[in-house]
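Consider the two complexes below, in which subunit A is the common component and subunit B and subunit C are the respective partners.
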Partner chain A sequence: MKAFINSVGLQAPGLEGWQDSAAILRGERPYQFQPLSPYSPAFLPANERRRTTDTIRLGLRSAQDTLGAYLGEMPASIPTLFACVDGDTEISAKMTAAILADEPMVSPIHFHNSVHNAPAGYWMIGQKNRAPSSSISVGEYQLANSFVEAITQLSEGWEALLLVMYDLPIDPIIETYQPDMHAFGVGFLLSLNQNEHTLAELNLQVNQQACPSPSPCKWFGANQSAQVLPLLKGLARGEAGEQICALSPALSLRLHWTPIA
Partner chain B sequence: MVTALDITASTLVSALGHGKQAHLAAIQQQRSGLRPQVTDLDTKLSAYFGAVSDLASVQLPEGLAHFDCRNHRLAWAALQADAFQVAVTNAASHYGSHRIGLALGTSTSGILATEEVLAYREAHGRFAENYDYTATHRMNALTDFCASALAITGPRLTISTACSSSAKVFASAARWFAHDLVDAVVVGGVDSLCLTTIHGFNALGLVSRGITRPLDAERDGINIGEAGGFMLLERAKPEQLGVCLMGYGESSDAYHISSPQPEGEGAAEAMRQALARAGIAPSDIDYINLHGTGTPSNDLAESKAIHSVFGEHLPAHSSTKGFTGHTLGAAGITEAVLVELALLNHLLLPNLNLQQVDSALQLNPVKQTQAQALTWALSNSFGFGGNNASLVFALKEKR
Partner chain C sequence: MSWPLDRLPPISDLVPHQYAMCFWQQILRLNENEILCQTQHHLMPSHPLKHNEHLSVTALIEYGAQAVAVHGGACAWLNAGAATTRPGYLAAVRGVTFYDFDARTPYLQGLAQLISADESCKNYQFKLFDAQQQCVCDGRVMVVHPGE
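Now for the complex of A and B:
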């Protein structure tokens, strides 16, 4: 399985924007935690913009940073794949608390924003994009399965595909489970053919070999999306490299990238 | 055109009962599973539900006990019905467990476990000790549970695109086959009753005051149901008789987060893609299982989509939500299994609870279970976020 990476988006505390983060990823500047700046998805109508949550905004800003310079010259319809392990736990917490009342009053806006595909839905609405969109969750196997789903779908014959992976700390109401992590959102614009924007060629290879669970990432803790940092560092440095990630308890996926000058 | 995929095993548990035989009997008797109460869950809402009655007595095996929640009990019940787990075990020993993929849909996973533990905390001032968020509520929990229960280790994912979730799993499975990542895939979906969904839909004004009446002039919303279903897909072999997945289509409305595009353009696109992948014309379709939720806007938009794809000569069509209720993230697999039963038994599935078909829809749904030779069927599933999926199935018979 092979694809070309034409654009990258990055939205994480201390790594806000792919262009602005490249020097940190190359190791030329030290990483420093800095909360993400406020963001509002200007491409949505005002009434829908107001309804967005932290989860929706992280998905949307990651998608927007990925397409950034491209918006306008992209085909109107490209498939999108949004991957997030936990989904919108802030809204889950509000709804599961609301239903404790004898006569529960769940906010209709919370409810329709609670679907795992709300960020993808808002993105497609904002872009007037009628191509397929999917929203997945694969826990510790998310990075590998997201790339497999993205590139196998791209091979159906689409010109390009947008892959967005984003995870953020879960709502404190689920207080028995609080993984130590910071928010992290990343996006890739992938295509089957090389073009003038291409940054790198990406090859995927499935191996019948278990891959040990990755240790938490130094900057973003147990954030599954942040497991992609080795690839991002390689792209920022313009160096070929590879990363092995778990596809299942028995399979691993080798991501190998080669920069295209 | 996609590689045709044989359905070599399948199973379904819904309000109609456990296993395909119970579903076939309900179809033949035109017996709805919808009831004005749920015996084992205080829904705090007076409405009809499509509940699975005996989940309280389902016990997970010891090694899987930490996954225990209503959603996984329903999943387990479905894996046991129709000897489905045995079929997967056989496939795994034949192909190798790492060659069996797992693609499952759910909209809310095991969120009921969090609802219950918050109620427990209100009563006892602390969380119940056995509460395990990652093994129950988290969105990938269903896939983790089923992968463990079936001991399969191929590629996997949970798709959660609201009510199209367990239709889109067929597309992911077909893509894995196309890249030779698998020799078999377990596709399916499970969604179980929970108060967030019941009261969320109620807040949107989409829950019917009575029994759901899809396509009726007086329709006023959905009945929420629960279901778990699975299919085992393998590369089509000429000698294997039965039902095949022949095509899939996916699209977005890009219109509104919870209302369908009024002209059904996204829905029509999903159907056209599915027909194109199957390599057939609209006139080849013998039966359409509609999404047909019973809300005024969904049924109207879908009728426009159907007319735009099929023109004046519509194939036989019906919504089966009057049997099962709207099983949400499990609707795709529920209706895929019902379509499989329709094709295998040459039966048109009736649209229950019709008094007068809404004339604005210009549809003529199947009203009685009836025998008819069937070869090709289409099934629609559309969800919030404007997320559409259509599937094309075909019957292979001895000639």
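Now for the complex of A and C:
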């Protein structure tokens, strides 16, 4: 299984914007935690923009950073794959709290935003995009399955696909499950054919060996989407490399990348 | 060109599916790009996918996927002359359409056609027909082979 990476987006504290983060990923500048700057999805109509949550905005800003150089040139009609492990936990927390109130009253906007593909929906509205879109959640197998799913969708004959992986820390009201992590959002514009924008070739190989659970990432803790950092560092440095990630309890996926000058 | 079916072992030697989970009983036609299989297995009272004696149409996807597996296994056998089937995982099922299906139809036929392939993955189109040659289900599957 093979695809080409044509563009990358990155939105995380201290790594805001792929272009601006390259020097840090190359190790030329030290990483420093800095909260993400405020963001407003200007491409959305005012009504929709007002209804966005932190999770939706992280997905949108990651998608926007990925397509940044392409917006206007890239047909808006490419399919999208949004991958988020925990979904919008702020909305889940608000809705569960509302249900437990003496007079249960769930906000229609929260209800509307509570579906897992809400961020994808706002992206499609804002981009006037009616191409197929999937929103997945695969826990600790997120990274491997996101790339496999992206390539299986591309194999349906699409020219390109936008993959966005993003997660925020869990809402503090959910006390029983609080992995230590920071926000992280990343995006890739993938295609099955090389073009003049191609940054790297990505090869995927399924292996019949289990892969140990990844250790938390130094900068972003247990955020599953941050497991992609070895690939991002390789792309920033223009160096070939590989990483192995868990695809299922019994299988692993080898991601191998080769930069294309 | 059709391939010599008489050189093939029983289907259960070509696929990992065994016993009652091995759905196809006969290969009617085979070449490197497609396979046509037939079976009466769906009539089996103890069918492993039957629930309350009822076979759901969604089980037809498994028939399609197994036709793909039989094609892979039979091609590997005829190319190498031995059981050298590579394991394959179902990575995607897309574009599935269900049509009228009467699970009492005397036999089912399954056609799997190779759309594209590289070293590690294959895309197939599958079509299933009842005994009246009416299409009961079609769709596409992607199979991924693990590395050595």
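Observations on the model:
Criterion: the second predicted complex is superposed on the first by the 260 of 261 C-alpha atoms of A that agree within 3 Å, B and C clash if a C-alpha of one lies under 4 Å from a C-alpha of the other, contacts with A are read in each partner's own complex, and residues count from 1 in each chain.
What we mean here is this: a contact is a pair of C-beta atoms (placed from the backbone, for glycine too) under 8 Å apart; a residue touches a chain by one contact, two chains touch by 3 or more.
As the structure is a computational prediction, the values presented were derived from the model and not from experiment.
After superposition on subunit A, the partners subunit B and subunit C are seen to clash.
Of the two partner chains placed by superposition, A:I260 touches none, neither subunit B nor subunit C.
When the shared chain is aligned, subunit B and subunit C each come close enough to touch A:L251.
Residue contacts after overlaying the shared chain place A:Q205 against subunit C, while subunit B stays out of touching range. In the superposed model, A:N117 lies in contact with subunit B only, and not with subunit C.
Using the contact criterion defined above for the overlaid structures, shared-chain residue A:V85 touches subunit B, although it does not reach subunit C.
Once the two complexes are overlaid on the shared chain, A:N129 sits against subunit B while remaining clear of subunit C. Touch counts on subunit A: comparing subunit C and subunit B, the chain ahead is B.
In the superposed model, A:S137 lies in contact with subunit B only, and not with subunit C.
By the document's definition of touching, neither partner reaches A:I24: not subunit B, not subunit C. With both structures placed on the common chain, the touch criterion links A:I99 to subunit B but leaves subunit C unconnected.
Only one segment of subunit C in 3-11, 57-65 or 75-83 runs into subunit B in the superposed model, and that segment is 57-65. Shared interface residues of subunit A (contacting subunit B in one complex, subunit C in the other): 1, 148-149, 152-153, 155-156, 206, 208, 251.
Note for the complex: subunit C touches subunit A at residues 87, 89, 91-92, 94-95, 116, 118, 120-121, 123, 140, 142, 144-147. Considering their complex, residues 44, 97-98, 107, 111, 114-115, 118-119, 122, 127, 131-134, 137-140, 143-144, 147, 153-162, 168, 171-172, 175-176, 178-179, 181, 195-196, 199-205, 250-258, 265-266, 269, 383-387 of subunit B touch subunit A.
Those residues of subunit A lying in contact with subunit B across their complex are 1, 48, 79, 84-87, 92, 95-100, 102-108, 110-118, 120-122, 124-125, 127-139, 141-142, 145, 148-149, 152-153, 155-156, 173-177, 206, 208, 247-251. By the touch criterion given at the top, residues 1-2, 148-149, 152-153, 155-156, 204-208, 251, 254 of subunit A touch subunit C in their complex.
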